[in-house]
């Protein structure tokens, strides 16, 4: 189970490189999850799941590229303390219970939860890292996830609070 | 006085000065009149422009030979009058072509212009011109009558028909002027002067409100310009005669300018504040008020 | 067929022989001269003309010709809604447009059953009196000018211009004020209007003093004006003469007093009359009437309520319909009785508007009567003394 | 004549030495403060309604297309046209300024304009730049000077005390005189027409009210909207939001005037005025759902002579108007009259027939030339906050349906409603009535994310709700449905909403978690949104159809990706009754066009 | 100027110019005194008189060339510009603002502007507002009696496109159809200040030698006459009155 | 006013009495009765002032209404005497011998409405119009706008759009925009 393994790894490793790896993994699993989910949901809401998968894929690509960047190769090796928010972040990696035919609201709620946890994780990592490119990196990641979460939130309200006469 | 050729350029110079003075003086009078009307009035050089403008009009039509000759006659009257009376007394240059009997000629010239005008305007065929002319002739006739009487009185008084001599007789102090020596004649002449200046109350000839400007109704472009030129020469010429006969003439240009201005101003002074008489009213007025004065002047002499 | 029937085919009677056959002028005899005064003639009040037949200096027959300013207002108004008529009526009489606005508005209000606010009435009266002053000032200049005394016109036009400034600040326009509209007036008086008005009135009074000295106490003016254009008081009703012309003949008729409208019943004044009924008397009546208007304006400004609405609530003017009816509204303008006859038919457009200006009778029938045996020089003075404005004749 | 008369005139000479009174520089003289000079137009404020053109007696004003100018675009409430003034016509009467609906048109006090070319005296104020554009002085409409009444004629209504304990209709309807006065306020600009989804000829029928020609009015109504009686009572009236009169006063009560027309014509005459169906064509159409969209299409198609069958899952037609709107707003009788009228055009009704269970889509497809899906939005959305699965947490739409179905509900002692839309108001007010009837007092709390200014509900609904003692608490974000130890629902816990929209005006609430409240309620009703129940399509068809962000993908005419299937109403474009009618019309037109096309091919 | 006129030409329907011998007289009978008549002189000679004939001039207008050198023409144009003599013909309501213009408040005399009571002496025709057909006839007569160069200023919106009388049966809408217009001043009424501005602009045009309306009129005489005769039904004036 | 009308009603056949204001009333009279009524009003009742004489075209009823408005200036009241004239035989007796000014009104009516007043002085001469060949312009069937457009050329380049139609076209370009 890829998700479980990632969770384990995050618990034991605290090197930055590892964290980034886990984050990448986090996005990848999400992408895979949505990709698998897509054919299962009603065609009516399939667009939503597909869009989520695409977005996660974009994040995955982004993080992968980050890890390759030459200027942070050195710093990335340093180890840091496991952040406090780790627990919630980890929780989200559990397999969600969406059932066989989740509706759009459920999918969005799940996605929101994930993004929120990731956001908090990176934020606290950034806070506990001394200034420099690493901190910038975490800040960047946190920001990236925040934006995504905000975007999802808006979409959530748009989907759910529609048709309200 | 013998005739000398040099007199011709000299008198032309006189003419030139008089034209310019006339243009400016007419404008000045208009400005003064405008001031009474609480406005600024035309620029002082406006008459030059108007004159130039009228000469520059490209087209003109004629109603016949007399129509064309009218202004020429009129101008001749004005120029002739000016040229045959001495402008500046005692000046070699500006005594013009005066001669012993010039007073007679002057009287003739004064009337000559009106006659020419009458012929020209009559030819123009416009009823307003015709009415204007008929009014003009009757008014001029009656208004010239006191003047003629006054001149007669003056001629009797000084026993000469030479303007030069009359002026000469008035030299040597203000009290020698005819104005004081024969006030009745001057009064008659000045009343007549009012009538000949085409200002209220005796402007019924032109009367824009009744017969739009009367005789010159049909005149335009260079014809009009010609008439305008005359309109500045003729009054001055006439005033020169008045000045010489009654106000002691002028021995220099400044005195000339001043006296002419004052004589001119006299007509304006009356004209601005009165409406105009109907033609038969003005005829009657001249006959009742001015004529007796003239006769009295002769009688007194 | 219509064309043939309405074309004026029969002109064989020209020159017209009057029913009594009194005058048969043979122009070819050479004894008479046909002389047109106008329309392009400075001695004519506005754009109209008088066809004079003169014998010597004397007019033997005069016919007025109008229509040079005809714009067909009465027709145009039939295809304009009630509010759309409002800007066009003032054009009917150029020098004193406000009367049209008032009469039209009052006629519409009466037929539509609109009650206008009290303050609007005061402002309307104020405007009408201001207009009267303007019109009289113009007349005085014209009357003196017709006799060749140009300087009066300079002064009065200046005073009139000051009054136009007051008009401008009150109504937003100089000539066509378009301020009195059905339902009230557009706006309240501007700030500080009273003081500026008082200054203007003083200037008008000063001008009038000068005018009195130079025009009314002028030997030549008297010579020309006294005795000219005598109107027999007996003619007043026969010829429908109103206003200063009638009052100059001693007939003290003034609509402001006889049938008070707006707030005239709350003002203190007496109609001005004269006795001699000639040009001089009429000029004098107008001069004194002008001074009375100055006084009326002072009264109005002091008695006017300071607060209050100036406009009644109108129905939506875009589709304002007025029930069938007809009425006649009159007022005393500077030239006499001005009236609007309005007929409505229940639609959004007037069925018929007939404008009855005083010039209609004064410049046509009356002038043609008075002009006979008058010297050509006096024609202008006579015409001016009837104080006619051609645009209101032909509309 | 005396000496005085000779000398007195010389007084005139006193002016000789006085300064002349001429204006020194007449070329730069300012006109007065109020002067009516050349026009100015605040083109951003202007809505291009053309009222200035209508009132101009000189025909001086043209409404012209303005392109490429920022801020001017054709959009609801703005025609995108702007007045162009011909100064070869204008007379400066300023009636255009007086009548301007937005006060955008004013006048400067500039007055000088000399041209050699007479064709240049035309310009679009505010667009074509002129030197007087920024002149402050000039004529502006004085305060209070109006040429049309700014205030709406009040609709007679039951007082709160009279209406709160019953479901009797609140609104009384205009009297003839009131309606005439209200209709009189309309300036006939027609800005509203394009906003009305079904493009009702609003100015025309309002003028019919003015003229008192109600039969003409009714014909105009039914030509564009077979739900005119219903729309006359409950239309969302978007037209009124764009009404030109709304810029400086109340919008015209277009809905009430429509209602007035339908009330003035005796019902018996309706059919004659509207006209009956054309001869039968033999074409068959099945319509799923007897709501406004379905019935509109049914009306149009039946009148064309087609054979129309309507399948309705419930026992009565009317859809959301029947089951979603409380009776105090829309009595059954009105709906029934409307339905009867439509049915009288020859529509075959199948009540209590649920497609998917009682009859299959495939069956309909086989039996008919065309099928129309007009199934509405019948699934209520929930917040899914913790505790929202409690049995006493309801969806508003379900409760409303139950109330209108005549179910005898036992009202709770207290209730919390989540949502700030009209449905929320409806349920709050309905339950309040039940409470009043059953318990004598009202205890309903309504919370919503939005602040009151941004409530989706009609302002009138909010006003009336408050009158009816509904406790409206705005800007509250629901967090949890709290139950006590016994599992009994006690209320809703909420946070204060700090802001609700982001800078792009998208929904993005932020909360102040310190400001927490518990709104007591035995029931919690969620009224935050609705969606369609498309399960009737079956998996195969669902898979086959194209979708667009959760909704059926249809073209402008309501045609789905399947050639035989159309969709209309709330399920494609909603929720809005008049949009439903509009889509019903366009579907009918599209189906008709398809028939014609087929005919042409066969021929 | 030239271009404007081209525009005008394009707009006119190409219509054959009507025959020259007083076409409108077909429908409208001429006044008795204007009908040609024969009179017997005292000596028994019979003289035929046609009152509509001007016995002095029977030529139409001709194009008048400017002075032979530029400098002289410039000088002339300057003089023409600084001496505007307006014909005192108040054709419409605009005339009311002329009076303040010529009196103390605005004192147009300051700017070389004067009134002339006769068209022969005027060189500027101010069409003060709307022209009824009846006045149009007189305005044309007046204009034609003025001498080249002469200028026309249209005052008020009515001269531009009909103004508020755009639907009147008795007023023309476009002055430039009937007379060559040099300038328009819009307004209803234009204020005296606007008039002064207009005259100022006219002066500039004249100084620039661009105010050649008289020549334009002569060049396009046929067309102007056609337009004039189309609206003036009672055409009892000669076509050649100069 | 009321009493006056009731008095008049005993002497003349009056119909349609309308009291518009306290001091303004309208009555309708037959053609034969008009002259006696006017004479009576002028000589006996003090309505010595002919305020106006004009016509109204009720084309729907094929009628011209002539209104003779008389004023009593001493009492400050007016009475409008209306007379209905068939539109197709529009001819009426002249009253210029009662009031000379009536001749002017009658000339105008002749020209503007085509109502003839034989015997009235100069009634056939041109009054306001000159060389008019069309229908008399004040008649309702004369369309001034049409005449104006046909006779006097408009300046080109004017065009306007109806906001409602334009919006529909712009916002719903696909829809059938015939309506």
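The first chain written gets the first letter, and so on, giving A, B, C, D, E and F; residue counts start at 1 in each chain.
Please note the rule applied: a contact is a pair of C-beta atoms (placed from the backbone, for glycine too) under 8 Å apart; a residue touches a chain by one contact, two chains touch by 3 or more.
Fair warning: this is a prediction, and the values are worked out from it, not measured in the lab.
Visitor: State which chains count as neighbours of chain C and simultaneously of chain D.
Guide: Both chain C and chain D are touched by B, E, F, going by the contact rule given at the top.
Visitor: Average the CA atoms of each chain to get its centre, and name the chain whose centre is farthest from that of chain C.
Guide: For chain C, the chain whose C-alpha mean is farthest off is A.
Visitor: Where are there more C-beta contacts: E-F or D-E?
Guide: Between E-F and D-E, the larger count of C-beta pairs in contact belongs to D-E.
Visitor: Mind having a look at which chain is the central one, using mean CA positions?
Guide: Smallest offset from the overall C-alpha mean is found for C.
Visitor: Hey, how far is the Cα centre of chain C from the one of chain F, in Å?
Guide: Chain C and chain F have C-alpha centres separated by 22 Å.
Visitor: Taking each chain's centre as the mean of its CA atoms, how far is chain A from chain B in angstrom?
Guide: Spacing between the chain centres: roughly 113 Å.
Visitor: Return the distance between the CA-based centres of chain A and chain D, expressed in whole Å.
Guide: Roughly 43 Å separates the two chain centres.
Visitor: Let me have the rounded angstrom distance from the C-alpha centre of chain B over to the C-alpha centre of chain E, please.
Guide: 36
Visitor: Residues touching two or more other chains, restricted to chain E: which are they?
Guide: 27-28, 103-105, 107, 110, 117, 134, 160-162, 164, 166-171, 174, 188, 191 - these are the residues of chain E that touch more than one other chain.
Visitor: Return the residues of chain C touching two or more other chains; collapse runs of consecutive numbers into ranges.
Guide: Only 7-8, 11, 41-42, 67, 70, 72, 75-76, 79, 87-88, 151, 154-155, 158, 176, 214, 218-219, 223 qualify.
Visitor: If a residue has to touch 2 or more other chains to count, which residues of chain D qualify?
Guide: Those would be 9, 12, 20-22, 31, 57-58, 86, 88, 91-92, 118-119.
Visitor: If I apply the definition of touch given earlier, which pairs of chains qualify?
Guide: Touching chain pairs, listed by label, are A-D, B-C, B-D, B-E, C-D, C-E, C-F, D-E, D-F, E-F.
Visitor: Per the contact definition, I'd like the list of chain E residues that touch chain F in the complex.
Guide: Contact set of chain E toward chain F: 11-12, 24, 27-28, 133-134, 137, 160-162, 166-174, 177, 230-235.
Visitor: For chain D, which residues count as touching chain E in their complex?
Guide: Spelled out, the residues of chain D in touch with chain E are 20-23, 26-27, 29, 31, 57-59, 86-92, 111-119, 121.
Visitor: In their complex, what parts of chain D are in touch with chain A?
Guide: 236, 324, 377, 381-384, 419, 421-424, 449, 456, 502, 506-509, 527-531, 534, 542-543, 545, 547-551, 570, 574-576
Visitor: In the complex of these two chains, what residues of chain E are touching chain B?
Guide: 56-57, 61-62, 64-67, 75-76, 79-80, 82-83, 85, 103-104, 107, 109-110, 112, 114, 117-118, 120-121, 123, 147-149, 214, 242
Visitor: Which of the residues in chain D come into contact with chain B in the complex?
Guide: Touching chain B: residues 9-10, 12-13, 15-18, 20-22 of chain D.
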